[in-house]
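Below are two complexes that have subunit A in common, paired first with subunit B and then with subunit C.
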Partner chain A sequence: MRRTAFKLALSLIAAVCLAGCYDKVDMEDVSFSLVVGIDANEENGIRTFTTIPVFSKNAKKKTQELKVEARTLRESRDKFDAFSIGSFNGRKAQVIVFSKRLVQQVPDWFRYVDVFFRDGRNPITPKLVMFDGDLEQLFRYQSPDQPMLPLMLIGMIESASSRSESVKTTLQELHRQMYDPGQTPYLAEMSIEQDAKMKGTALLDRKGKYAATLSLRETTYLRMLQMTSGPAVNLTLPLPSSLTKAPPDKSWISLVTERVRTRIKPSYSGGRFRFDVRIRISASVIEKLSHIDLDKLQKQVEAACAREIRGKFEELIDKFQASAVDPVGFGIYARAYEYAAFRGVKDDWGKAFSEADIRVKVLVSFADEGSVK
Partner chain B sequence: MKKYAFNEITTIQYISLINGMTVSFGFIEIPADLHKKAGTGGLISLLLGTLVTMAASLIVVQIMRRFPNGTILDMLTRRVGKWAGRLAAVVIAAYFLFYGYIGIVYSTRVIKARVLQETPAYITLFLLLIPTYVVARNGFRVLGRYAELSIWLSLWIPFVFLLVWRHTNWNYLFPLLERGWLPILKAVPDTFFYFLGFFATTLFYPFLQKKEKASFAILTANGLTMLSYLFITILSFIFFSPEEMKEVNQPSIYMLKTIELRFIEQVEGLFIVMYMLIFSMSWIPPFLLSSFCAAWLFGRADHRLFLRVLMIGIVLFSCFYVPGLNTTYALSDKLTKVGTVLEYALPVPLLLFFMLQARISRKRSRRRRL
Partner chain C sequence: MKFPSLFGQRKYRPAKGRKPAATAPLSSGEEASDALEENLGRIRELFGDASDLNVRRLRIRSTGEEAAVVYLEGLTDKNAINNNVLKPLLGETDSEGVLSVTIGRVGWLTKWSDIVPAILKGKSVLFVEGRAEARVLGTEGWPQRSIEDPQLEASLKGAHQGFVETIEQNVALIRRYLPHRQLKFANLTVGRRGDTRVSIVYLADVANPEILKELEDRISQLDVDVIINTGELAELIEDNPYSPFPQLLVTERPDAAVSQIVQGRFVVLVDRSPGVLVAPAPFTSFFQSIDDYSTRWSIATFIRLLRFMAFFVSIGLPAFYIAVTSFNFELIPIKLLLAIGEYRGSVPFSPFVEAIFMELTLEMIREAGVRLPAPVGQTVGIVGGIVIGQAIVQAGLISNLMVIVVAFTAIASFILPNFDMVAAVRLIRFSLMIAAAMFGIFGIMIGMMVLIGHLIALESLGTPFASSFAPIRFSDWKDTFIRAPLWKMGRRPEGSRAVQSDRQGPTRPEGDGR
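Moving on, here comes the complex of A and B:
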């Protein structure tokens, strides 16, 4: 009898305590912020935007867009709360959009996203985009043939990134890139011209300031250097007239890569870093706008493609070195294998990198020539 | 005389107990700690620390072999004197109380920060104590079963962590000897904190079903602990860039936050909840051991009264004050110091003392025979 009474009392206490779980949240009472936008205001502070899905039959528009001025993101949450129906909450943020102005003008802008890392319940997986233009434009943008803004942004980032035409930098990856002395950050860039579109990749310098933009095509080469390119990257290359016996820039060949293997070998001598980059691409021919006979001239065509691709890599690396950014992470190799030399230039790797000697070697081999001759 | 029969624990339960107690929240903390003190070379410190721990645990087992049917308390009473046994009971009870308290406060803090932010800490702590009592009141055999079950139920953990594999970069691991050998050697004593708990052998020993396997079991437990630490440490070191490592608290949880699955969000929240089984090993066995020592001190066979007093005490205390995370870290530093003395240093003179005593008595008996 006493035991039963004791057990009963214990379970009662437990039940009472559990009901007091203060963290219970009902879907109806929450406004989930799916996209967070951060823009610079005139005083180099921030202006934040957000879009919230509206779960209501009567609402004509399925999302609610808000804009507030606040000193920090957490402060802006309280201000958003005043506008939204449920209690406002950023735990489901999918995309964070930074305006180009913020990245370009506001020093140390990365600290504004601190709340995502510090608050244990916030996600660190939102995808990041830099928007070239006024964020007002993006958040007010409602194309009749596009889904709502969060879905549109996610879809565009995912698809461009899966074809290696852009990058899918998440908040966590940006955090790593910002703190890694051997690498500089990069994130997807988009703009609105006629319609919303991906522009390519924004490269930032060591401090997180905007440095340069890579086009969609250049990004493909960046991804190959980083060894993050997917299995099927499209490359369309001109064939030299010496091979085709046709006027230049009239013969084209398109390849789909099957496997890209990149090896970076760092060395250091005479106060200068040197990187030997060796890229082996095996690819299938998917399109050929030329009368050249691939069976006979396979080796020569492969070599011509390799030359062409190598030129692209060199152009790209020149661009990095000109703006002293290292999105590939050459510095990570330098740190791992030439630490003594790297330690000296750790705080200004960008400069050391811009003086480095980088030699690229490309090998192309065709795996398949397609189903017609 | 088999004072502790009918409450035996099997070898695998014993391994689980020691392994669970040592790993517990070390799994969450060790990568950042090692990196702070010795860079990626902390891996070497970890290996060296394991070797020292294995030696220390073997010494403890050697001591216990000399008196297989009693705990260290019985042994000290028999061989040294009544006061020595009592003193040891007080010290060990206090030590394990402190040990378990840090464990439960740390777990409460993690839950508070990551899962139940708005629930007051003392309620979380109180809720954790309910299953603690249910397990701990039944003595060592049930405790052993619980430990074994917890380990089996946690074998999925490494597989979840493999989901972060695509974010890793092996180049971050090098150079291993970034700052030379000195910091690596200096960090070795700091790894002891993550192995504390094997001293419980001194109390578990008479309950062991197969005492001849004790040395093997404790080495296995230490080895498993090392493997789990090695796994999480290497993974963190290749996941975080070296500078980033300095910026992140509880890297193991942070890594899980990067996992995106189609059917579930915030994997780390689920992980923390499931990991409670292992977390709980840092306070359930110590609380039981603590009340066991208290019961021994008062010459009672039933430890439950003391367990109840202990728990009610903790609940009442927590209503007024639950230490913050930084205080918990400061307390763990204290525990490291106390534990290093009690678990690593003290057994050595104790073993020498017993060996000397045995030799003297052997000589005496030989003389008598002559």
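Moving on, here comes the complex of A and C:
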């Protein structure tokens, strides 16, 4: 009897003293940092911005925006805490915005997000955006016909990415791209002109420095090369007037892809990599401005479309090679099939890639020509 | 598992060597005398001034003997006494020398220790001058309820007859379903003063004799004053009385009881109680309802799955709410987080206090509704629904979401068909809430592990309580999560340890003579 009572008391004490209680904090007492903005400042430190939702019925504005100067992200958290109502934490961070200035000018800027990986409580799934402009402008941006900033950013990235017009790079994905010698990183880019808008995709070089920007249109071709384009990518292409018997401004045709299959075949000879890219696109015609008879001239129109698309791919690849970046991950193929050659250029894949011989073949076949003749 | 009482030695100990106190100054061997007056005097002495004792003196017409009929007024059938006892005795009869009465159940008794209990149980006793033995006549007839739809276990398609408080009637209700010679009854009496008749019903060629022996053993060892209700018997004989889970099933439905008997289980009838005990009862049997077998099997399967889901919702939803709002925000999608934050922002209490408050209120409304008479009971619903539900949110005391959580748990618990299991769920819910308030999701996981460990360790009458999951018996799964088509369930469940498991043929007719 006494022994069981002793055991009971002991287990009760153990339960009460168990670690775990210490991190209890009720939701309404937390200031969630939903969007984190990182900009370079003039003193070799960072200027950080954040948006916190305000859980109060009386507050007219539902978010609070803060800006502090700090040397590291963790230090900025302590500074934010002084401003916020609840205890400030980044456990629910949804979007991280880097300024173009940071990505362009600060070498090794990726180290600033180290705290997200090292502290297990922080998420590694926030979506990343590079903002072309002053971050102050973005965080003060409050359009009355838009939801609060975090929801707006999430919505814009999600929808642009699902239409293959931009990319949805998460922090974890960026980490992989940064450390993979066979690929260079990329992330979504946006700017504020009259309204906030997606600009396309920012391409970074091996070191993480900004290299080039792809427009929304170009990004769809990038996504097709990566085989990450979803179904139903829209392509509006001009057909040659000789085929349509119509003036050039009436010769447009719009396709929507059903299925895109990309095959990349690497080889190495004469100190140079060669990639044979073969893209097969099955698409439906959803619009044509000319009176061309698709039943009779299907093969010719398909070939014309393929030529047009191939031109776009070649332009895109030229652009990659000009800035020595490889967002498609040709290097991953090279490493897999031609490892001996790849090992030699591993540390400077960008340069080797810019000298590679890349040949693109495009095959278009129409799956459907629409409901009318 | 033994659990110590926190307040010193207050364990119930079965009486060992303690002598039952004598109920009347009656020595066991004392016999009736042949003098009528002496016997009647002894009766008055033994019964004192019992107001319902009736002694009718008479002279038997055919033989001219002095006699007296003794019985208790309320416990006997007046018609039987007037027409079948007094009328033949007082009128002309052909047979000479025999006390001819037109009663089915009669006998001769000589010992007072037999005569007195017979009178107390509603029999009438005929003493005749010059005879040292008494004629006992089965004239029982006490106030009875008619057979009604069982209230606790309403059924849409099942029979609308429920058990009543008289054991003979209940036996009859079971026999109506199973007119088979192998349907056997083991009769026992329990109680020092109550003399409660307890009857174990089973199919002799199907049910396992070991379990029968265990059941008889446990019941015959009982030493109590009286068993008022089946629930008391269940508590006294179940394997682990400290567990929150009921380990024996109580039902008021004859059809449900019979369905358990043919599965190879035992049904214990208790006189004076409308509930019967089903043993052994595995965990999954608390999720079965008799309607499952009369609705289409696909629908019954869906409802079964719904019940198991409801079990977990009802146990864990408030705890989950506490865990995600106090510890693990990461689990909430961002839009939901913003919505919850909006509600929570204006509430002055922590989620745990909020949840405990609302759950206790719910339990109170529920208890209030059970005990109140029907016309007043409706008021409870209105007060509960409108005042507690809407007004408390408008007053800003409780968040909207908490009210939704509470309503959802309540509805989930209403789906479970067994009242005792619901009671267990209600209790466990609170301990999980405390675990969640201390350790978040981690606490819920620990709580669930302890709970499942406990379920697996439990036994019902020596058979595994978690049967068909632990130990795994795949063939029994046809009637657990799902309810397989009837013609697929050719064998009795292994969990009942039936000695004869072939229940029915494998085929079903497809029409056109095939």
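One rule holds in what follows: the second predicted complex is superposed on the first by the 357 of 373 C-alpha atoms of A that agree within 3 Å, B and C clash if a C-alpha of one lies under 4 Å from a C-alpha of the other, contacts with A are read in each partner's own complex, and residues count from 1 in each chain.
Simple rule for what comes next: a contact is a pair of C-beta atoms (placed from the backbone, for glycine too) under 8 Å apart; a residue touches a chain by one contact, two chains touch by 3 or more.
It should be emphasised that the depicted structure is a prediction, and the values quoted were computed from it without experimental measurement.
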If you stack the two complexes on chain A, which partner ends up touching A:Ile358: first (subunit B), second (subunit C), both, or neither?
neither
So in the superposed three-chain picture, is A:Asp180 touching just subunit B, just subunit C, both, or none of them (first/second/both/neither)?
first
Can A:Leu10 be said to touch subunit B (first), subunit C (second), both, or neither?
first
Answer with first, second, both or neither: which of subunit B and subunit C does A:Lys92 touch in the superposed model?
both
Can A:Pro123 be said to touch subunit B (first), subunit C (second), both, or neither?
both
What is the contact status of A:Asp23 with respect to subunit B (first) and subunit C (second): first, second, both, or neither?
both
After lining up the shared chain so the two structures overlap, which partner does A:Thr170 touch, if you call subunit B first and subunit C second: first, second, both or neither?
first
For A:Tyr339 in the superposed arrangement: first (subunit B), second (subunit C), both or neither?
first
Check the residue A:Phe32 against both partner chains and state whether it touches subunit B (first), subunit C (second), both, or neither.
second
Identify the residues of subunit A that lie in both the subunit B contact region and the subunit C contact region.
18, 20-21, 23, 91-92, 123
Write out the stretch or stretches of subunit B touching subunit A in their complex.
113-120, 123, 126-127, 130, 167, 169, 171-175, 178, 240-244, 246-247, 253-254, 257-258, 260, 265-266, 269
Contacts from subunit A onto subunit C in the complex sit at residues 1, 4-5, 8, 15, 18, 20-21, 23-28, 30, 32, 34, 53-57, 91-92, 94, 123, 148, 150-151, 154
Which of the residues in subunit C end up touching subunit A in this complex?
2, 4, 6, 9, 325-327, 329-330, 334-335, 337-338, 340-342, 344-347, 350-351, 437-440, 442-443
Which residues of subunit A touch subunit B in their complex?
10, 14, 17-18, 20-23, 91-92, 120-121, 123-125, 170, 172-173, 175-176, 179-183, 329, 332-333, 335-337, 339
